[in-house]
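Same chain, two partners: chain A is paired with chain B first, then with chain C.
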Partner chain A sequence: MNERRQLAKWLIVLGVLHGVIACAGFFAPYDPLEQDREHPYAPPMKLHLTDMQGHFHLRPFFYPFRVREGSVDQYDEDIARATPLIFFADRSAYRLLGLVPCRLHLFATSGERVFLVGTDGFGRDQLSRTLYGGQVSLLAGLLGAGITLFFGLGIGAAAGYYGGWRDEVLMRLSELFLALPWLYLLLGLRAFLPLAVSPLEAFLLIVIVIGMVGWARPARLIRGVVLSVKERDFVRAARGFGAPDGYLLLRHILPETSSVLLTQATILVPQYVLAEMTLSFLGLGVPQPLASWGNLLANLQQYSVLVSYWWMYLPAVAMVPFFLTYFGLSSALQEWATPHK
Partner chain B sequence: MRNIKASSKHPWLSVSVLLVMACVAAPSLIAVPQSPVPQEDLLALSGEIGHPGGRLVISLRAEPKTLNPVLSVDAPSREVIAAMQADLVHINRATQLTEAALAESVKVSSDGLQYTVTLRRGLRFSDGQPLDADDVVFTFRVYLDENVHSPQRDLLIVGGKPITVRKLDARTLVFEFAKPYGVGERVFDGLAILPRHLLEKQYQEGKFEQIGTLSTPAIQWAGLGPFRLKEYVPGQRLVLERNPYYWKTDTKGSRLPYLDELVFLFVPSADAQVLRFQSGDTDVISGLGAENFSVLSRQKASYTLADAGPGLEYNFLFFNLNDLSGRATPDLARKQKWFREVRFRQAVSAAVDREAIVRLVYQGRGAALWGPVTPGNRRWVDAKVAHQPHSIDHARQLLREAGFKWASGPRGDSALLDADGSPVEFSILTSSSNADRMKMATLIQDDLKDLGMRVQVVPLEFRSLLDRITQTKEYDACVLGLGSFDADPNSDMNVWLSSGGTHLWNPSQAHPATPWESEIDHLMEEQLTVTSYEQRKKLYDRVQEILAEFQPMIFLASPDILVAARNSVGNFHPAVLEPYVLWNVEQLYVRNGGQNSGE
Partner chain C sequence: MRFMLRRVAHAAFLIFGASILTFLFASLAPGDYFDEMRLNTQIAPETISALRARYQLDRPLPLRYLRWIDSVIQGDLGYSFSYNSPVRPLLWVRARNTFFLTLVATLLSWGLALPIGVRSAEYLGRFPDSLISWTMAALLVIPELSLALGLLLFAARSGWFPTGEMVSVDFSSLSLVHKLQDLVLHMTLPVLALVLTALPLLVRHVRAAIADVLDAPFMLAARGHGIPRHRLLYRYALPAAANPLISLFGFSIGALLSGSLLVEVVMGWPGLGPLLVEAILSRDLYLVIGGVLLSTLFLVIGNLIADLLLYWTDPRIHADLVAK
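Showing the complex of A and B:
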């Protein structure tokens, strides 16, 4: 029972984290593409509860930034103009979960803009960009893992179940895929595409490429499970009663692979999120001005950004809880699936 | 960034100079006995008196492709060559005026067709061989040889005829022009006088392009510049040593240069150059980006930072105006209909927020541009070119007049439609290695969104970008920059002439495609032969006004020249003309107590 509780705990944490990213429009105060050209590289603003006179305010407020004289990216707080946060305010339109038109934001301001974790070189809100960027990166990871498992399951089951020359061909093919230098493959693939690909095309391309190259490892695992399951007594019995191949596979063999599949999924998702980040970091992912964790981090390729603006690391920090939860979930799954005796 | 800018400028600007050497006797390679030089005519430079000795380490973005001044086109080659070679007349990078160099005097005949050049007495190449008029004659023969393909050759064709050179005696030459030449004696700047005794044999065998590779042994290479070749370590560094025969002195009479060695390290990226500079590996850094400049200024330690003001680099957006009759895809043909519409280009220009570019891309260390001549080029900038303010309303009005209309787009935003009802969408190419121009393109993308244009920014590797613009011509629009070597309008000849290879929006045309391009052609050719500055200025002003009206290029901004040097470097006076720091390399010195950097 303890394993079950562990599992539920990790699933809830994971659900909350994904929920925040999925509802990025609600949690993000601004449109991720909106530039505030007066505030490039503004550092995170401080929220206050007590003002200069020491009075306590229930509603958190902040002091807007003024550019320091003679500088472009150095700011001072303008203490004359305390601006309160407004919770659950109607502001810019977005689509909740990409579907429902909505205007409600968790917090907003009137007049002066608040940048809780600073801005990038165009004055775009880093918090909003990180939240929206997470949508791209996580969705790429989830879809990529789905594609991989789909192919891995199909190919692994076919190889394990039919054996013989089919097994030989499929397994040699999987070795070929394991040996593929996928980064260069993608660079090569990009050269064949038209010059300007739309963000959606670019996104689908990386999802497909990430998903297609990774099937070999799960396929080999599944093949192993299928090989052992198909010799079990209940399968032999069903076959003896004349059950066709398709029925045997679907009804008796594949269900036995579920724990392997789930564990694989929890390992693959973070791995593929990282793959998306790598590709976007190198400029092969979704194009600017759209955000993804990878292309947000790409700003750090510039030495000046790396040493001057620490809040540009935020996407790297944001991915840590996701990865930890996925790994926690995967070990909880393993505990749960392995019968203790 | 240096690299990009350099490779994007037209090759013939690359004025670098060669030196010729007179080899009096039979070309035997036996060490020439120190022939008694009766008298030397040295040039004394004013300026701070330095200490002899020491070395200066500088980083280069790439290895120079060649040491041969006749063939060099890339910035690293030119920077290295400038330290090893000298010209008859030189443009002082600080004053932007000409001064006598190898030539002691240049006399121009009253009709402006004949230049009589007298060489300094007692000049020697860096290998000790004396220079005489035969070297100069040989040099010009090489530059003018069609088979050599020197990028400077076009500069020496005046009125359709090549310049002729005649030797009068060992120190005197006569240059004859078919027509008066607008730039006057500036023509000699950047033409390095070559050592005939070293090069003539290979030149006559037709192997000139093999001369001056980096692997040339130091003993087989010579010039008249302050330094001479010492050592080349592939992939790491190029070391030059002091030329003991150099023809300049300081006011106290000690022979220049002060430095014993000049070391060029090959450091491929701008950021790596900053790191090497901070760690003390290099003494000087030039062509700093604004963001790196502020990083250095925040951590100011033992170095001096200098903002020399706007340089000559101009960045711009241009559209594909090539005549692709038949070859264009239907998609591009449709877009070219917009691009050819003057009001479309004017509207884009009005919508671009240039002040934001200067502030966000250059951190305020730059100047907004409405024409190709930057404020740094005070002699030639046309004050009459209007500084049109950033105005979306004006842009919308222009588009409306040109038949464009707006519809509400798929996401509730307004989308611009052309007269046929198709949405205005195009892509802008930029070089992926140039962060500044990527940022400009992103700002333009956002500005044009306000007009309802859907723009995509496509970063491309620089070579494939150039290939698309000059060869395949498959692109919509592009953000690029050009930089001239000299402030004179002639240096941009190849950009404005419709037949020019760097006439980027429609290069190498057989006939000018539009009346205004044809007018520019005439104006540019006329200013070549007019000799008074006022008249040339008037003609070039008109060129700038036509460009501002028809907007074949939408000029954006020009960055300041930002450099830094260790405090131990003396006589550090950066200029806005290339080479920014090394222009007075013969006077640079290492102060006492200053540390020489290690490798």
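Showing the complex of A and C:
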């Protein structure tokens, strides 16, 4: 029972984290592409509850930034113009979950803009970009893992079920893919695909590339499961009754692979999120102006950005809870699958 | 002997397969160099087909592969368009740096993982073990990219470590001691990033392997004989647990090699990583192919060394072969 509770706990945390990213439009105060040329590289603003006279305000407020005389990226708080946050306000339009047209934001301001975690060089809100960027990175991870598991399942099942020369060829091929250093393989594959493409095409391209690289490990695990399941009595009985191969595979054998598939998914998703980030970080993935965690971090490749604007590092921190949850989930799943250890 | 031959044959197969794979990627990719020419109305289609024939792009794939592999075996990896030089010397310098970095990181991470893992297994579930497990779990969830960037941020802000490149500009004018010091300072951050990402997995496996062995009856007997703790752990338990760890050693080389690509780019280490990324961005395909092949070669050789180590340390493999 305890394993089950652990599992439920991690699933809930994972659901909440993904929910926040999926509803990025609601949690983000601004559109990720909206620029504010008055505020390039503005540092995170402080929210206050007490004003200069020491009066307490229930509604958090902030002092908008004014560029310091004679500088480009140094700001002072403009104490004269305290601006309160407005919660659940109607502002810029977005599509909730990419579908439902919506205008409601968790918080917004009227007049002055608030940058809770600062802005980038174009004055784009880093919080909004990190949230929206998470959508791209996580979606790439999830879709990539889906593709990998699809191929892994197909190849593993074919190798395990049919055996013989098919098994031999497929397993040698998988050894090859396992032997190649995966990041080099990823880059090698990416190298031969077009570079200058639209953001959507680039996204699909890297999802496919990432998904194609990692099929070998799940395929081998699934082959092992299929090999053992296909000799079990219920499968032999069904075969004795004249069940065709397709039916046997779909109805009897593949359902047995579900726990391997699930554990592999929890391992693959964070790995692929990282792969997307790596590619985008290197400039081979999702291009600007679309935000992804990887290309947000790419700003840090400029030394001046790295030294002066620490808040550009935020996306690197944002993914840690996701990794933590996925690792927690995968170990909970493993314990759940083998209860008497 | 037969075991070694089989492993070498397997390694050769992997390299051969990798070469076919990279060649296929390169050839099946949409478009070739002459597509752009075709758009130019001033160049007659006959000229283009003549050029294609001259570079033998009109031949069938297997033939082209054979010619290519022939030249690769002779040491000619092609020509880099953007560096305007043959690929081999370019790769050679960078590969040496990557090899150096990976080697140091591999040795250091194993040098740390073994004592930490052994200690952890010794105190399984008690104080040092719980602390180590938590630390390793924390390290595990920090992705490589975050870690490398974080270390870089730290270096840039504190100014304690030089950032970027392998040596300082005035390296050649330094004395030997200062040269060494300079190199070590430059290496610290990339090596640290690699070691910290590799460590959690290694420690976990060392801990599990040793903990398994510590329960064995022969360990109890050895303890009963009053063999001192240190000798017990490192002379009795470790060799008995070495088998899965040696296989892991081969795997860890691959992981560190992949990891070093990213770390090199982030930290500006002049290895294969930055070269490969630049080559991809400038469509310098021979350089890319060479880089991928070379990294595979590293990895396969690493695995081969692990296999040979296994052969050397595990008498069961000798015995199996003799029995046959």
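The rule we apply is simple: the second predicted complex is superposed on the first by the 321 of 341 C-alpha atoms of A that agree within 3 Å, B and C clash if a C-alpha of one lies under 4 Å from a C-alpha of the other, contacts with A are read in each partner's own complex, and residues count from 1 in each chain.
Rule of thumb we're sticking to: a residue touches a chain if its C-beta (ideal position, glycine included) is under 8 Å from a C-beta of that chain, and two chains touch if they have at least 3 such contacts.
Computed from a predicted structure; not experimentally measured.
A.B. asks: Which holds for A:288: it touches chain B only (first), chain C only (second), both, or neither?
C.D. replies: Once the two structures are laid over each other on A, A:288 reaches chain B alone.
A.B. asks: Does chain B (first) or chain C (second) touch A:303, or do both, or does neither?
C.D. replies: Touch status of A:303: both partners.
A.B. asks: With both complexes superposed on chain A, which partner does A:6 reach: first (chain B), second (chain C), both or neither?
C.D. replies: Neither chain B nor chain C is touched by A:6.
A.B. asks: Report for A:109: first if it touches chain B alone, second if chain C alone, otherwise both or neither.
C.D. replies: neither
A.B. asks: Should A:83 be classified as contacting the first partner (chain B), the second (chain C), both, or neither?
C.D. replies: Once the two structures are laid over each other on A, A:83 reaches no partner at all.
A.B. asks: Report for A:180: first if it touches chain B alone, second if chain C alone, otherwise both or neither.
C.D. replies: In the superposed model, A:180 contacts chain C only, not chain B.
A.B. asks: Which partner, chain B or chain C, is in contact with more residues of chain A?
C.D. replies: When the residues of chain A touched by each partner are counted, C comes out ahead.
A.B. asks: In the superposed arrangement, which partner chain does A:40 touch: chain B (first), chain C (second), both, or neither?
C.D. replies: First partner only, chain B.
A.B. asks: Just chain B (first), just chain C (second), both, or neither: which does A:73 touch?
C.D. replies: First partner only, chain B.
A.B. asks: On chain A, what residues does chain B touch that chain C touches as well?
C.D. replies: Residues common to the chain A contacts of chain C and of chain B are 195, 283, 303, 307, listed in rising order.
A.B. asks: Please output the residues of chain A touching chain C within their complex, sorted ascending.
C.D. replies: Touch list, chain A to chain C: 172-173, 175-176, 179-185, 187-195, 270, 274, 277-278, 281-284, 294, 297, 300-301, 303, 306-307, 310, 313, 316-317, 319-320, 323-324, 327.
A.B. asks: In the complex of these two chains, what residues of chain B are touching chain A?
C.D. replies: Residues in contact with chain A: 271, 274-275, 289, 291-292, 294-295, 298, 353, 356, 359-360, 363-364, 412, 427, 429, 432, 435, 438-439, 442-443, 445-446, 456-460, 468, 474-475.
A.B. asks: For chain A, which residues count as touching chain B in their complex?
C.D. replies: My answer: residues 33, 35, 37, 40, 72-73, 93, 121-123, 195-196, 198, 283, 287-289, 302-305, 307-308.
A.B. asks: Spell out the part of chain C that touches chain A in their complex, as residue ranges.
C.D. replies: 13-14, 17-18, 21-22, 25-26, 28-31, 137, 140-146, 149-150, 152-153, 156-157, 163-164, 254, 257-259, 261-262, 265-266, 276-277, 279-281, 283, 285, 288-289, 291-292, 295-296, 298-300, 303
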